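Below, subunit A partners subunit B and then partners subunit C, in two separate complexes.
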Partner chain A sequence: MIENTSSIDRVAGAILIAGLLFVLTPLAFVVITATQSYEDFLRNNFSLIPGSHFLENFREVWSRTDLPRQTLNSIIVGGIVATGRVALAVTTSYAVVFFTGRGRGFVYALVVASIMLPLELMIITAYQVTANVALPLNVVANLGGWWGALFGGPLDLQWNLLDTYAGISIPLMAQGSCTMILVQFFRTIPPQLARAAIVDGVGPLRFLWDILLPLSKGPLTALGIYMFISAWIQYMWPLVAASSPARTMAVVGLTRLQEDGERIPDFPLQMTGAILVTLPPLILIALFQRRIVRGLTLSEK
Partner chain B sequence: MLETSSTAAIGLHGLVKSYGETPVIPGLDAELRGGEFTVILGPSGCGKSTLLNCIAGLERLSAGRITIGGREVQEEEPKNRRLAMVFQNYALYPHMTVAENIGYALKVAGVNKTERAARVAEAARVVELGDYLDRRPGQLSGGQRQRVAIARAVVREPQVLLYDEPLSNLDAKLRHDMRRELAELHRRIGATSVFVTHDQVEAMTLADRIMVLNKGRIEQFDTPEAIYHRPASTFVAGFIGSPAMNLVDVTGEGGVLRLADGTALAAHSHRGPAILGIRPELVVPAPDGLPVQITYREELGAHAVLTLRLPDGTALRMATALGQRGGLPTDLRVALPAAELHLFDPLTGKALASATPATQTKKAQHDHVPS
Partner chain C sequence: MKQEIFRSRWLPWWLSAPQLIVLFLFFYLPIALAFFWAFHLEQPFGGGSEFVGLENFRRVLGSGEFWTSAGATLLYMILASGTSITTALILALAADRALKLSPLARNVFIWPKAVASASIGVIFVFILNPFLGILAPLNEIWPGFWNPRTNVTHTYIMLFVTNVWNAIPFTFIILLAGLQAIPQELHKAGAMDGSGPWRRLWDIQLPLLTPQLFVVIVLEVADSLSGSFGLIDTMTQGGPGGSTNLLVYKIYSDGFKAYDLSGAATQTVILMVLVACITGFQYFFLERKVNYDR
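This part shows the complex of A and B:
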């Protein structure tokens, strides 16, 4: 801007600093607490003076809890969910934007509507279906008892996916926000590109693979990372879907670090665990920061 | 290698294209001769791009047949029609290098690498692309991108080249250069070319024949010379030429065409109401002509365009002779030479056959009207 903006700059700076303090103070508190021993903590309660027990705490979290295993679980589930969501979004958006078919607007509306129906709302049904994937089939087959009449007994197939990676991940994949964002990006791609490809003799799959996907690399990476993180911080569904500590995800495992309720919780240990659980997404963001920002602006040249 | 001698005529037979209930092209017949450069010209929304897309196979016909080189193609995939297309916004693949862009169709068709490289180099040479084969489209200027788009089209050695307003994204000077190059390219490779534009200058300079479209119908399909000098309708007359042809309602009686208030405008044997058309550059000053008032003057350097007011208030455009400088007398009088008059039917807008002026008379014969 040409006008003198130093006063605006000062105010903006002050607001930024206030915001940073607001966000970082609790984090500082987490880090400081993680450096104290349980005994220190019992003696001094919460303190703002850093201790020197971080490595001991970390070693304890690493060797004596399920958290490392659960962090790996989170990485696996996050990876499956992110890949699944992005793959579904690519195929759906491709169909919605580049093909003229009957009912595609309706399908798109349904997908977008799914954003307003988070998994938490359907958690009981989702649990029932995950506990037995064949349940919907059973219900349909036994409607009015026709299966029983034909085969002498009700259909009762069983396929339990609870406590498996698939059982945790697949219900989390069904979410439309990814599709909505990708549809917006695909709409910025000139339709003549598709026409040129058709004249060049390119089929629909080859167009997707040779042209659309390479063009969408930036947005797809950004979306994938968002979706990984949004799966990472899921709590409710992983809590319900995974019962054994070996399959539980890290965020859920974190809350279980201290469950006996008898003694005063080992907050230093929990804070150390929190740091461990925060690290993988943090590293991911640090590595791909520029791609995320560029992907957000949805401009790919 | 790219010099294809096999030229294919394009036949359009009873072609209908409608979207839902609205017909964009209500039924069109035309024969585009092999090796000819046809320009489809019309205002936006006249169906010209739709027609091109139908020929390319990007749009399905609602009815009718299309033949290319005598072969019916309306049910064929675009890639089997032996044609290539150049798009308005170039439609280059941004993530591929220039060479990959040009060679992509060959790659898809399964042409081996060595032949592909040779043909890409040849196509790049034909469009005088220069040393840009390793760059990406984003690093090229508009004119260079256009060349890449054309190279991508000619590399497939098509029988038919389709252009969808390919020059409208370029600036004026570049457009002029590309126009010349396209004309030369057409002479070199000789493929039947169909060029869609709304720019009459492009149409006049490039075309062997111009198809003037209006609301999906052919108003006239003829050489640029005939389109300009013998417009078949008031639409063509008003669309071609800058400034546009004057169109004035007149009534003919007793060998004279008169305005509504009875002022005699020009000598002509036509009887009854008509629309009189005359090119602004053929309105000439004449000492014993109609007295007019100059209401507006546009100075264009080489000549000026005047808006005149006739005694009854009708506006008339007049272009002064090229190279003529200085003002015109304030008490200007003008004449409309009888040999340069066009007459159109006031109801249908079609040219009246009897009234076509002699085309050879380029210089106005000063047949003045008694006023």
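This part shows the complex of A and C:
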């Protein structure tokens, strides 16, 4: 199309440059500060000139703080949550999209409703449930006292998941957005495919495993990466669910670097920690940007 | 389009059971428990619970601290979602044009998604530190020019700037996808009729973007209520003087620091009802203005 768009293009270009500066400048400050020694920082305060102490700072973070261990925790929890959410979403979406029968709409509504209220809002009672997952069994057993009448005492099972990988991960899976995206994707798969499978005598489970999953590899990987990142950047739930330093996740550990009681916090060390905590998901997102965006906007097209 | 291929009575239930169990335990049960504790009082020393009717609500609604917190929550919700959506919309409109910078911008604008709200909180507390950060030189020239630790307006500006930085990616992705899905023919037809690119921005792009804008508004408003925790906890801890003690942060401190289970649960119920009402309101009143015809 031949048209003079130079005025709007110039404005758009300026906006993009401003946006890039806004996003990148804080990251640049983090990197520059991480290269300075604490003494330099105290002398010069904020500086725009990179120093040469990054490796020293990094070695100190690596040996003196809990961050390496906590980064491993983030990798473990992120992996469990991503695998778990994608697996749960696959089975539920498959049941919702590919089966006839009553209850499909109801199941889907139950799952989608969970998107509106995030875990942060119900943190107190989610903590209570995680502190004793057997709570619903106790409640049902003691309803009207029938358990006590039969066995001479109320049922009081205790199953505490706090401060375990399961207790940190599973509540983070209780959210239906992954299923919603996957249902949209499964609906775009031509129905002839499954019909042909039935004609060939393929059962529903084999169809899922041998045909549908290989076909959905791309979107499933994108979803998995996105869910890994989403779990990695969680803060409030890991803060309350993990009490020991051995189970704390990296983002929570980073915020605790400053509680040293020094008059001026060791910002270079803290920014080095911020790099360690942020780099893994940042690399993932920069590398897989196209795939992730395509996976997320599936429902929009 | 519906698939509905396989017939089986029990298999679909077995397939959805794992997710339903997880949702029951960590979504529906916590909601039910919040309602339970909102109407009960915990006995000291683990002595069970006592039904107290609306007593908890009377106590919570009668405290001035709650209303300060609720007011701050609404203010934060409107301004935080407003500033972040506007910024992301402007960036998406610019990145939608085929410029040399567009591919780079489309990649970099997603990066903040990889940074946790608590991490960027720690980072911006440092960058915007009144004595050590980038604004420190200005503070030396004009003392008191920038002090987010005591000046409430400055505190909120700091929170909004940080929130915008962190919230760009998701909104940007959805809005850009919506813009790219607008058929090229509409642009051509508009150009044939003599409307320039600026005019088409108002008459074609924005009206056709309303479905995505609607989704983004619903999600951002809900997210600003819960997602603010990481910023508040690392940047202000509710201060100065309780001015940024948003409900989600107040519930956390009441429950985990003051051990007031019933009070925290009552406020949880109020906050959940508030979120449900706001979402419902958006569906009833805002969705009517959405243009689904392409």
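Just so it is clear, the second predicted complex is superposed on the first by the 269 of 301 C-alpha atoms of A that agree within 3 Å, B and C clash if a C-alpha of one lies under 4 Å from a C-alpha of the other, contacts with A are read in each partner's own complex, and residues count from 1 in each chain.
The definition used in the following text is that a residue touches a chain if its C-beta (ideal position, glycine included) is under 8 Å from a C-beta of that chain, and two chains touch if they have at least 3 such contacts.
As the structure is a prediction and not an experimental result, all values here were calculated from the model.
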When subunit B and subunit C are modelled together on subunit A, clash or fit: fit
Touched partner set for A:Ile211, first subunit B, second subunit C, both or neither: first
Spatial angle subunit C-subunit A-subunit B, Cα centroids [nearest 10 degrees]: 90
Touched subunit A residues, subunit B compared with subunit C: C
First (subunit B), second (subunit C), both or neither touched by A:Gly19: second
Which superposed partner A:Ala196 touches (first subunit B, second subunit C, both, neither): first
Contacts of A:Leu284 with subunit B and subunit C, given as first, second, both or neither: second
Subunit B versus subunit C - smallest C-alpha distance in the overlay, whole Å: 8
Intersection of the subunit A residues that touch subunit B with those that touch subunit C: 195, 198, 300-301
Subunit B-facing residues of subunit A, complex: 190, 192-193, 195-202, 206, 210-211, 214-215, 300-301
Subunit A-touching residues of subunit C, taken from the complex the two chains share: 1-9, 11-13, 15-16, 18-20, 22-27, 29-31, 33-34, 37, 90-91, 93-95, 97, 99, 101-102, 104-124, 126-127, 131-134, 136, 165, 168, 173-174, 177-178, 181, 187-188, 191, 196-198, 201, 212, 222-223, 225-227, 229-230, 233-234, 248, 251-252, 255-256, 261, 264-265, 268, 271-272, 275-276, 279
Footprint of subunit C on subunit A - complex, ascending: 1, 3, 5, 7-9, 11-13, 15-17, 19-20, 22-24, 26-27, 29-30, 33, 45-46, 87-89, 91-92, 94-101, 103-104, 107, 110-111, 114, 116-130, 133, 135-136, 170-171, 173-176, 179, 186-189, 191, 194-195, 198, 204-205, 207, 229, 232-236, 239-240, 251-252, 254-255, 258, 264, 267, 270-271, 274, 277-278, 281-282, 284-286, 289, 292-293, 296-297, 300-301
Subunit B residues within the subunit A interface of the complex: 53, 56-58, 77-79, 83-85, 87-89, 91-95, 104-105, 108-109, 138, 152
